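The letters A, B, C and D name the chains in turn, as written, and every chain counts its residues from 1.
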Amino acid sequence: MNNPFMPHEAEVIARHDETADLFSLQLRFTDPLIHSQYRFVPGQFNMLYLPGMSEVPISIVSDPDDVHIIDHTIRKVGSVTSNLGRLQVGDRLGLRGPYGRGWPVVDAENTDLVIVTGGLGCAPSVSLIEYVLRRQARYGRIHIIQGVKHSSDFIWRERYDLWRQYPNVEVWLTADTGDTLWPERLGPVTQFFDQLDIDPKQTSVMMCGPEGMMKAVVHDMQQRAVPGKRIWFSMERNMHCALGSCGRCQLGAKFVCKDGPVFNYDELAPYWGHKGV
Amino acid sequence: MNRQRFLPGERFQSLIDQLKSAGYDVVGPQVRDHAIVFDALAKVDQLPIGITDEQAPGRYRLEKSESRRCFDWATGAQAIKPMTFVARETLWQSERLPDGSLTFHETLVKTRPTAIIGVRACDLAALSIHDHHFMRGAHPDPLYSQRRQSLFLIAVHCMRSAATCFCTATGDGPRARSGYDLALSELDEGFILEAHTGRGLDIIVQLGIDEATVEQIERADAGIGQAAKQQQRILPVGPLQEKLVSAVEHPRWQTLNDRCLSCGNCTAVCPTCFCQTHVDEISLDGQQTSHIRQWESCFNPDHSHIHGIVIRSERAHRYRQWLTHKFGTWEEQFGRSGCVGCGRCITWCPVGIDVTEELAVLCKGLVNE
Amino acid sequence: MNNALPKPRVAVHKFSSCDGCQLAFLNLGERLLSLAETVDILHFAEAGPIDEGAMVDIAFVEGSVATSRDAERLKRIRENSRYVITIGACATAGGIQALRNMHDSGEWLAGIYAQPGYLDLLPESSPIARIIKVDLELWGCPVNGEQVLAVTRALLVGHMPHVDQNAVCMECKRQHVVCVMVSQGKPCMGPVTQTGCGAICPKMQRDCYACFGPAIQANVSALSTHFAANGMLAREIAQRLLFINNQAEPFLGSGIQWQSQAAPNPTSSPGIK
Amino acid sequence: MSNLRTGEIHVPVLARVEGEGALDIQIRDGQIDRLHLRIFEPPRLFEKLLEGRSTQDVIDSVARICGICPVAYQITAVAAIESIFNFTPTPWVQAMRRVMYCGEWIQSHSLHIHLLAAPDFLGFNSAPAMAQKFPLEVRRGLRLQSIGNDIIRTFGGRSVHPVGVRAGGFFHAPNAAVIATLRQKIHDSLDEARDLIAWVATLPIPEDDQSFTSVSLRQDGQYPVEGGRIVSDAGLDIAIEDYAQHFRELQVPYSTALHALLDEQPYLVGPLARINNNYNCLPAELRQWIDATGIRFPSRNMFHSMVARAIEIYFAMSEALRLTENYEIPSAAYVEPIMRAGAGYGCTEAPRGILWHRYVLDDQGHALEARIVPPTSQNQARMEEDLKASLTRFGLDQSDDALRLRGEMVIRNYDPCISCATHFLDFRAERQ
């Protein structure tokens, strides 16, 4: 019988340290058949398994059209992620996926995009940005707004500079606190919104980051009459199965693992902003 | 519809024997450790004959009843959940070979065709919710499915309600309506049997028993009606999802922060709760692991832990999650409430918190604010 | 992953205790030999090897700290160990012997000794974590050997394991133990006690007496109020809380409150002989 | 003697004993001038912390005095408590308490032989080390130990600080299927237990006869386990209530464990004393096997203690089998006793020797006073006496290491359980 809980063996084919506690792994199923059948959309995630520890949900950051490449960018926060960080090329781990509903990259075609990221290296939004930039012709103006705690948190500076070179792309950066050399802004991400040249009816907002930041962005975008169904975010909850069975990722009537992790505001409005839901 | 037949009380053993010879292991209710539990049943005298249950919030006692009936009790400590969604089982195993490669193995469940005697209407309603959850999604659960498919269910229509029962309020009882193979109505002199499936009918035919009389059928109906009338607990008029979700900041939740132990008993005895935790067990040399799932509860802080925070960090949040999910958001997920009215969460709450009482307060006049 | 690691080094240290938690290792049976093959046991006085100052990966510490010399020894253990894991109620919460913390232990000693003068006891029996940083605490009086082994295994693969701190009740339910509180009215501490023992008391049809310490976010006040409403005396409630894990909050605070409401303890009546 | 040596020998931490102790020897002019068995386990003041507690709390607390013999403590306490209540447990309860107690002997003795004592005789410093050369013997020992644990677990849920004992009986009676499985296991290992006796008897056992008084219980013609009268091979025969009239406990400044004297003399308790005083109560078949080893009891050689333990393991296993033959689950696992105020005594044969308790209860069953005399403190004086004699005979001109090793071996004969010995004593001595 097909057991959907069971991971498959995967191999690390490349690894890259982004910062001291952020790293990327490129994985490949060792079974070529499984690998060749693997398809995903940006915003979906995999379950990564280290034997004797646990499985953890991790977003896929590679481009879905780069068939056969499965990339993850992971922050070492606890035991499993730290041990993932110790993997070397050739090491084996368990992998299953992809799961969940990704970003509405097709629905959002022909609209302006506002992509807001809080915290650094928020994996789901990086994959989204890379995706839309590569298919820039399908979208209107693209505003990328990134907020971090401290200016020294910024990674991938080159990447921002690269993004800035695209036509019709604007990159806005801000830090809660910064040092003297910080060339960008200080303060919350919402400070940029007045300068955004967007048509609320023709804009899709997509964001990922701490729930507090997302709340502020939602509030602001609603003031600007962006419809709730065009405000999207990627949510995080505890997950053990990723199949909608274990019940741990519930958020109101939603199972984040299968109904999300990407939701629009209207879907979550009844639960939005209440502590402990 | 199949005709209803009558099995004299003294011949009940022949039903057990018939099921056995049809290849089933037989499971039935019996008294153990001051409660009624399901366990392997060989002889009719293992049944709780002449035993009844007295239930109240936080209280369960067995007593002698006036009758010699076998099913003169309302609900036991558990529904049949432990037989389909088992409390602890291995989902799969992995092994690391000396060359560093990893292999994964399925752990097959060993099931035997099993007939369960004494399944109540509420238990059946709960089972059908679990069938929906575990078998009908995009990823059917092979372990659940296999256990579920090995069951032969013999329902018993309730003729007595405990003080904590409220299945009339949820519409799930006291008469079992679907999801069983055979149903029993117990009269003082014996049982009315009705088949709901072909294999149920086979068993009846094998028993070679007569039709029940109209009078017997009427008496059974009256008994079931009586059970319905005994029920006192009610629910606010549904659907409740909107009412409960909009009660999210109701001050009542705070009182539950003080009263609720967050022990999770209500969720563990609830026949529809399905939350799990998955844990890894590892051999001493680190080469073999078992990935195990076990019952878990939204009352445990771990349940909503993500790195660095517990989302439902207060007891009040967790009580709110339980009640709002069970009676409210369940509607969107499953097309119906998650409550089947068995009353177990009221009885088995060590401090006797009563969901019907809480709902009454929480749903009063909040909808159209 | 890299499998060619050197054998991890382990020590088992003892402080004030009954030795029962070390038995988690000595009672492993033949698995003890497998463990000895997997790790280097450098210090474990009861089992043989003695090297108190060895540098180790994992130091298991049993027992509470009762003397200033023990406190010093403990600090050295911390310096020499990558992970310090406390095993059992004494190490984790001061143990049953910490009941003396609530009394004038000088008076207790005087009641027993001809010459209490040369006693060098610290005023309190202290949990290890009051003195040094502890990486993982395993509760229980005694610890559950399977839990100790599971933690050891996890650490050996480099994983800091998660210890389930939820109430005993969930384990009761997983094992299909009928709740003794609801079905028999017994004053079970299970709802506020950390799981780990396998619910052995309810399984034996007795009420849990909290030897695994408080569950996470234990609502002791709700449970004890419930006990009181069902006829338990304040003194009995206090004793229930102030027992094996008397120094652990919220047992300690709540226990002292109930104690202050209770009638005084009966004192020795010379009439009875 | 040409070498009239003067000097000091220290064993700062005794290995392979339960609890923490040290040995200091001062030699002057070729004689032992001073010999101190120092015990520096901090006192845990159990007798005080029992005051005011319910009988069940007493039973659960005293287990915590010793992780290796909690059953001894619980069964002694419950016997004392039931005697105050003037309550006699049902035959089933009496039999099963004896079975549970047998479990503890098996567990504790197997642990002692294999993990603590035997490595000495074969020149290893630990059981895992010994297992490299003697894998079958060590594994057999660990299996026997686990049988002891299984028996305790059957009645108490776990083998350390079990939770099944209560006044009036047990909380829960194991069902017949559980007992059947347990019996099977014991049965399957009986031969191994017999082989163990033979094996232990062949270890290089030093010759070292000394004179001492053996004190034990005597239990109505049965081999004593969970009750009886206190007897000695010097003619003592008293009821347990009269213990304090004949035995005296005294404090020594260098140790946290009290010493005890019988008529002002050191005495021996434990397996060797038990077997010396009760040899004829062992099953005839077992006595034949003992005869076959060539070792005779009563024995004056303390190194025969280990043989005595092996014999008692076999005895305890066969006794457990005998008592569970035709086992049926009783209608009730306990009878609720009626509480009464009063004083009562309990005395049983813990693995290490007689364990004596006295309690005074009020009419609500709360403890007003408690007094506990564990076996190890009873052996303290005897141990020092033995050490002086046997080290002198061994030769004080031997190297420090040899003397140290021999000293530890002698101490291990008593299987001292230091943590329990000190539960009510002062702390003073220093770790070096």
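Just so it is clear, a residue touches a chain if its C-beta (ideal position, glycine included) is under 8 Å from a C-beta of that chain, and two chains touch if they have at least 3 such contacts.
Everything quoted here is computed from the prediction, not taken from an experiment.
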item	value
Top chain pair, ranked by how many C-beta pairs fall in contact	C-D
Identifier of the chain whose CA centre is least distant from the whole-structure CA centre	C
Interchain centroid distance [CA atoms averaged], chain B/chain D, Å	51
Chain centre separation in whole Å, for chain B relative to chain A (CA means)	39
Distance from chain C to chain B - Cα centre to Cα centre, in angstrom	37
Chain A and chain D, separation of their C-alpha mean positions in angstrom	65
For chain D, residues contacting two or more additional chains	none
Overlap residues in chain C, where contacts from two or more other chains coincide	1, 153-154, 157, 162, 205
Multi-partner residues of chain B (at least 2 other chains)	100, 282, 286, 296, 302
Which chain pairs touch, all of them	A-B, A-C, B-C, C-D
Chain C to chain D touching residues, read off their complex	14, 16-24, 26-27, 29-30, 32-33, 36-37, 41, 45-50, 52, 66-67, 69-70, 73, 95-97, 99-100, 103, 105, 108-109, 111-116, 118-121, 125, 141-142, 144, 197-198, 200-201, 203-206, 209, 211, 236, 239, 243-244, 265-269, 272-273
Contact set on chain C toward chain B in their complex	1, 3, 31, 34-35, 38, 149-150, 153-154, 156-157, 162, 164, 166-167, 169-170, 173-179, 181-185, 188, 190-192, 205, 216-219, 221-223, 226
Chain C residues touching chain A - in the complex, by the definition given at the top	1-2, 153-154, 157-162
Of chain A, residues touching chain B in the complex	1-9, 30, 49, 51-55, 77-78, 81, 90-94, 236-238, 240-241, 243-248, 250, 252-253, 255, 258, 270-271, 274-277
Residues on chain B engaged by chain A in the complex (per definition of touch)	91-92, 94, 96, 100-104, 106, 133-134, 137-142, 145-146, 241, 245-246, 248-249, 274-280, 282, 286, 289, 291, 293, 296, 298, 302-308, 311-314, 316-318, 320-321, 325, 328-333
